[in-house]
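Each in structure tokens, the structures are laid out below.
Two complexes, one shared chain (subunit A), two partners (subunit B, subunit C).
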Partner chain A sequence: MKKIILSVFVCLVSAFGLQNANALVRIDLTDANANPLPIALANLAGTSEEEKAMGKQIKDLIRNNLKNTGLFRPIDDKAFLQSEESLQKQGPVFSQWRLIDTQAVMVGSVEIIDDGSADKKLRVVYRLFDVYSEEQITGRVYTATLKFWRHVAHRISDDIYKSLTGEEGYFATRIVFIAEEPSGRGYKAKKLCVMDQDGGNYQCLTNGRHLVLTPRFSPTAQKVIYMSYESNQPRLYLLSLVSGEQEILGDFEGLNSSPRFSPDGNSVAMTLTMGHAGNPEIYSMDLRTRKLRRLTIHRGIDTSPSFSPDGKSIVFNSDRAGKPALYIMDKDGNNVRRLTYGDGKYYAPVWSPRGDLIAFVKQLNGRFSIGVIDPQGEEERLLTDSYMDESPSWSPNGRVIIFARQKGDSTRVHTIDLTGYNERQLPTPTDATDPSWSPLLQ
Partner chain B sequence: MFKKALVSVASVMVLAACATSPTAHSYKNDYDYVTQEDIRPMVDESKGVYSSDVVVSDKTKAVRKDFMNAVGDRVMFDFDSANLSADAQKVLTGIANYILQSGEVDGITVEGHCDERGTREYNLALGDRRAVAVKRFLVGLGVDAAKINTISYGKERPVDNGHNERAWAKNRRSVIVLN
Partner chain C sequence: MRRGVLLSLLLHIALVFVLWVNLPAFLIPEEKITYINVTLVSSPDAAKTTKKQEIKPVKTQQSNAPREAPKPKKEQVQTPDHGTKVVSTQQSSKKTQVKKQEAKKQQKQEKKVSEIRPPKLDKTPDKKPTPVSKKEPPKEKTEDDFLKALSFIDDLKNKKEALEEGEETDTKIFDVDQQDIAVLKRHIEKNWFRPPGIKGLNDMSVAVLVSVNRDGSILKMELTHSSGQPFFDNSLLRAVRKSVPLPIPADKYDMFKTIELRFNG
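Moving on to the complex of A and B:
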């Protein structure tokens, strides 16, 4: 079978200018009350109309990314005092940018190269300046196949985010989720779909004929593990996004659910009932040997495991003390201790990639919230409150949580910052549930 | 044991030919060097190895109808519970007697369902518990365990799409389907 490989590159040709550690411009990610940082993003200049249009497209995507974080306030182009021509000729005249109260300005250019190969190439140069210190904060050249322009724009967005916050961004990432459509059968048809974090490159991988649930990315984002009823039984499948091949993971009798990769990608934790029907227990499977290891031994429900980022511990959901609560155990199942003692019921824990917090779903007084708690069981905070919020998943930098919110008959995917602010609904063509955030793709 | 979901080569080729824009990317860790490649569209389930359509014969349809009319096909549960109420036990006793007396029942599937007031994975676990509670009760009354299959659908197959207590109560159920 002919494999379509477009080996194309986003080459970082050079990083010119050292990042200035003493730049005045800085965003404090922990300060929920901070004003968004004013930033000016000039259209990336081009010679041809095609290049100019691409320069604007890339700038608009970067602008949208930064604006959606709630941390930046992109200034309207109409307020710019320095013309695009002047910017190209002599670079930023900082006195003019200071007048419009921006703190940083991005300038750059786009070149589209037709080298005779099947796909045109794209070359983007950009520089970000501190308007007050008049120094370059960051600047880079990217080259790529033209059709991957969105990825280049996400990479530049990540550069800017990192240079101004000191932390990795989360723009060059994808979301795997379940799209819901009317089936005409009284319940919704569900499809396994992926898209960029901003809704771009939307693609569905199953056709909706079978019930599919709870997909998760592997740590390299090259595989997805999910649950499907395609054999008329709830089973787990490992799907390679690179080859398109999938395989059933085990095919154990009874319920097979709640799959999660370990941080090293070498094993998968899951919930099984084989040999103890009616008593869901957590197992881990070594993907190389396919050996199973039972981790929980309790007659209560044990499900929804999530590894700590160091791979040493697993947080999970259990009703062993009479109501659903969260517990932590060592990765081999030893040393089980209860994490949550608060009112209400706790579900669906997910360990932050930073390790410092665990996100969960809490049901209290007929409402559902997304919350966070530290691994010692302290500092519980609820970030949302609605009729039904569930399926939390972390951005790779541990600053944002994506989740599904049901409102009446419709469920959509939302994000919220760890500060509890900046809640947004993601653009999906149809209803969407079970979101899972990929690692940073770079 | 570890079956590969085989995708017919032909169908993949066709799909690949139709695919215009969808792309996924593969990325190396090296920050300076990133490759991206198109992937083939995923599993074409319409031509996949599994099929969910079970052809139901007229005879089976007739038996199912008679079963429904005679003893009913479902029992209800309290919130977050897999306990069988006195009412549920009465219904299941009727179902067990029907199965034992009828020569027409080769096997049954016991489905476990939940209302929408819980998270997806917890409800899948709860639905399993409900289905197994029903199976155990039927086995206790003499139904052959080997004839009973259980399956949890969690909150994925509501019979009432409302968002109120009445709808939730109807959805917290176990349904017995004659194979």
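Moving on to the complex of A and C:
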């Protein structure tokens, strides 16, 4: 008996031993380093002083772009071990770049071509290398008119961003917003203005004599739809940034407000009060036929529609259940379902171009926050907390939210990453509200 | 009756366990057996090679008489060829068991002799101590056997580890392996720059098979399962390359020769 037990035991032990012996060392990784990715950006080389200066300018702009995302940590030029001359002659010596702990290194050159025409041409070549595999990650040649050098730098930033994060960049974009200036007549003049996402190329499109509100960029074209009192009535205008042409989008009785383009740019959802005793309802308009279609029929207030990126659903704000909350309906108005059930009031929903989140403003205990929630309504997160945060809008890659924050009597435009980190104030010459992000410029 | 039932129960449990544990390794011919032998036998092999290299420094540093004594045992173990070794371990363990049992018998006889005296005084207290004494010793014996069978392996490993570490039980060795893996895991994760807030991270999975040199450098690296996102695959490959030299315990190189790194979001 004991012998049997013993032998069985021995068998088990040996079998177990064999099992262990068979095991391959397998490591399940879970966490990762959440710090910004270190990246080295060398000055773009040039032969003349002008080219060298331009190369540095472009590099500095790329550096600024990448740094502002919060996802990259550009390494100080002073830490570079390989000299610029050596870089030009023999390309990057990766062992030296590994020593300064960078993951990737960008090198390139700038050429300014004066072909006798009015505008000089700019030709930029760059390559981004993986310092560890010693292979090229990406690389391109851009040729443009010299005065568009900022755009070239933004495009290169987008390339680098995409190759290292897997998402489209958002640097070659513009932001339209309402600039508020003291008019000298006791109130603030409101102008429709537009600038690059980094604050460059600032210009205003209206003169400030009339109240303008809620500008929205078309997701496909350089067009802006906004609300204006130019005709002394609140009406929606469609403005082409390329041609400067402007037209009224229908002239309906009552309030015309909170427009939002569909993802294909062919229709607009908006709020109108016509014909139902001042009760705001949501309509959609086909921009080609100008045909109007009513989507909501409810005695409560329905407003702030925003399309999902597939164009099949619309998220909107309604107080039909007593207090303002967010609802989702199909694009034809059917199948309305409530999205938010939390405490407080929800306003201004915007569906992320990535589709995975909906941003909103939440009012709770006298404070306003920007928050995000998934379209199933399961996980709600508040990203900011302040006395007055409003007007959220997504970057075209669905990564960053831009919003207006009021502090005292001054309102400025801020951005925040969807992780809730990296909150920044955008440089605007005056107060700014109602920001809206453009699609990626080509 | 009870014995029969107990026996069959034990055998059944054993059978289930053995099946669960993949015993068919015995039945499956060369591949697994050779694989098995590599790990079990490799330690003495490694010991051989390391001995040749290390003997001199070890002798200059320290010379321990007791450690030299076990060598003949090892030689006995090492003489059988790879294929037969598994059997040989069992045989030897059986032998040791037999020896132990003989020893036990002798002990029992001695005990019986010693126990002859108390029964004369009282019968009731006698019955209680005797079953206890019977039950307890077999447990100790099985444990002894267990430990001896393991100490067999320990000997191999100890030889490999030369004089640095003394006695280690098998469980301890297992713990250390987990610790080594944790160290490696942390080291690579620290070097893995992965942008936060990636869309669909929870659906991404990557696997990389890394062959490591003895000095912790990478001999070969292969992406065995791609996430479908080049940037993500590359970020992990970069992390592994940045992690060189990989912190692999020098004495367990055979175990860490090939490592599979996985991420399942």
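Basically, the second predicted complex is superposed on the first by the 406 of 442 C-alpha atoms of A that agree within 3 Å, B and C clash if a C-alpha of one lies under 4 Å from a C-alpha of the other, contacts with A are read in each partner's own complex, and residues count from 1 in each chain.
Here, contacts are C-beta pairs under 8 Å (C-beta built on N, C-alpha and C of every residue); 3 or more make two chains touch, one makes a residue touch a chain.
Bear in mind the structure is a predicted one, so any value in this text is a computation, not a measurement.
When the two complexes are overlaid, the chain among subunit B and subunit C that reaches more residues of subunit A is B. In the superposition on chain A, contact of A:R399 is made with subunit C only, not with subunit B.
After overlaying the two complexes on the shared chain, residue contacts for A:L241 are found with subunit B alone; subunit C is out of touch.
Contacts of A:D31 after superposition on the shared chain: subunit C is touched, whereas subunit B is not. Touch criterion met: A:T165 reaches subunit C, while subunit B stays clear of it. Of the two partner chains placed around the shared chain by superposition, subunit B is the only one that A:A221 touches, whereas subunit C remains out of contact.
By the document's definition of touching, of the two partners only subunit B reaches A:V194; subunit C does not. Residues 1-12 of subunit A lie in contact with subunit B in one complex and with subunit C in the other.
Within the complex formed with subunit A, the subunit B residues making contact are 1-5, 7, 9, 12-13, 16, 21-27, 29, 31-46, 48, 50, 52, 80, 82, 116-122, 124-126, 128-129, 131-133, 135-136, 150-153, 156-159, 161, 163. By the touch criterion given at the top, residues 1-12, 144-145, 147-148, 151, 174, 186-187, 190, 192, 194, 201, 203, 205-207, 209-211, 213-214, 220-222, 229-234, 237, 239, 241-251, 254-255, 257-258, 271, 273, 277-280, 290, 301, 303-304, 317, 319, 323-324, 345, 347-348, 361, 363, 387-388, 390-391, 406, 408-409, 433-434, 441-442 of subunit A touch subunit B in their complex.
Within the complex formed with subunit A, the subunit C residues making contact are 3, 7, 10-11, 14, 17-18, 21-23, 25, 32, 35-36, 39-40, 86, 89-90, 93-94, 97, 101, 138, 141-142, 145-146, 149-150, 153, 174, 181, 184-185, 188-199, 229-232, 234-239, 241-242, 255-256, 258-264. Residues 1-22, 24-35, 37-38, 71, 98, 103, 130, 132-133, 137, 162-167, 354, 356, 398-399, 417-419, 421 of subunit A touch subunit C in their complex.
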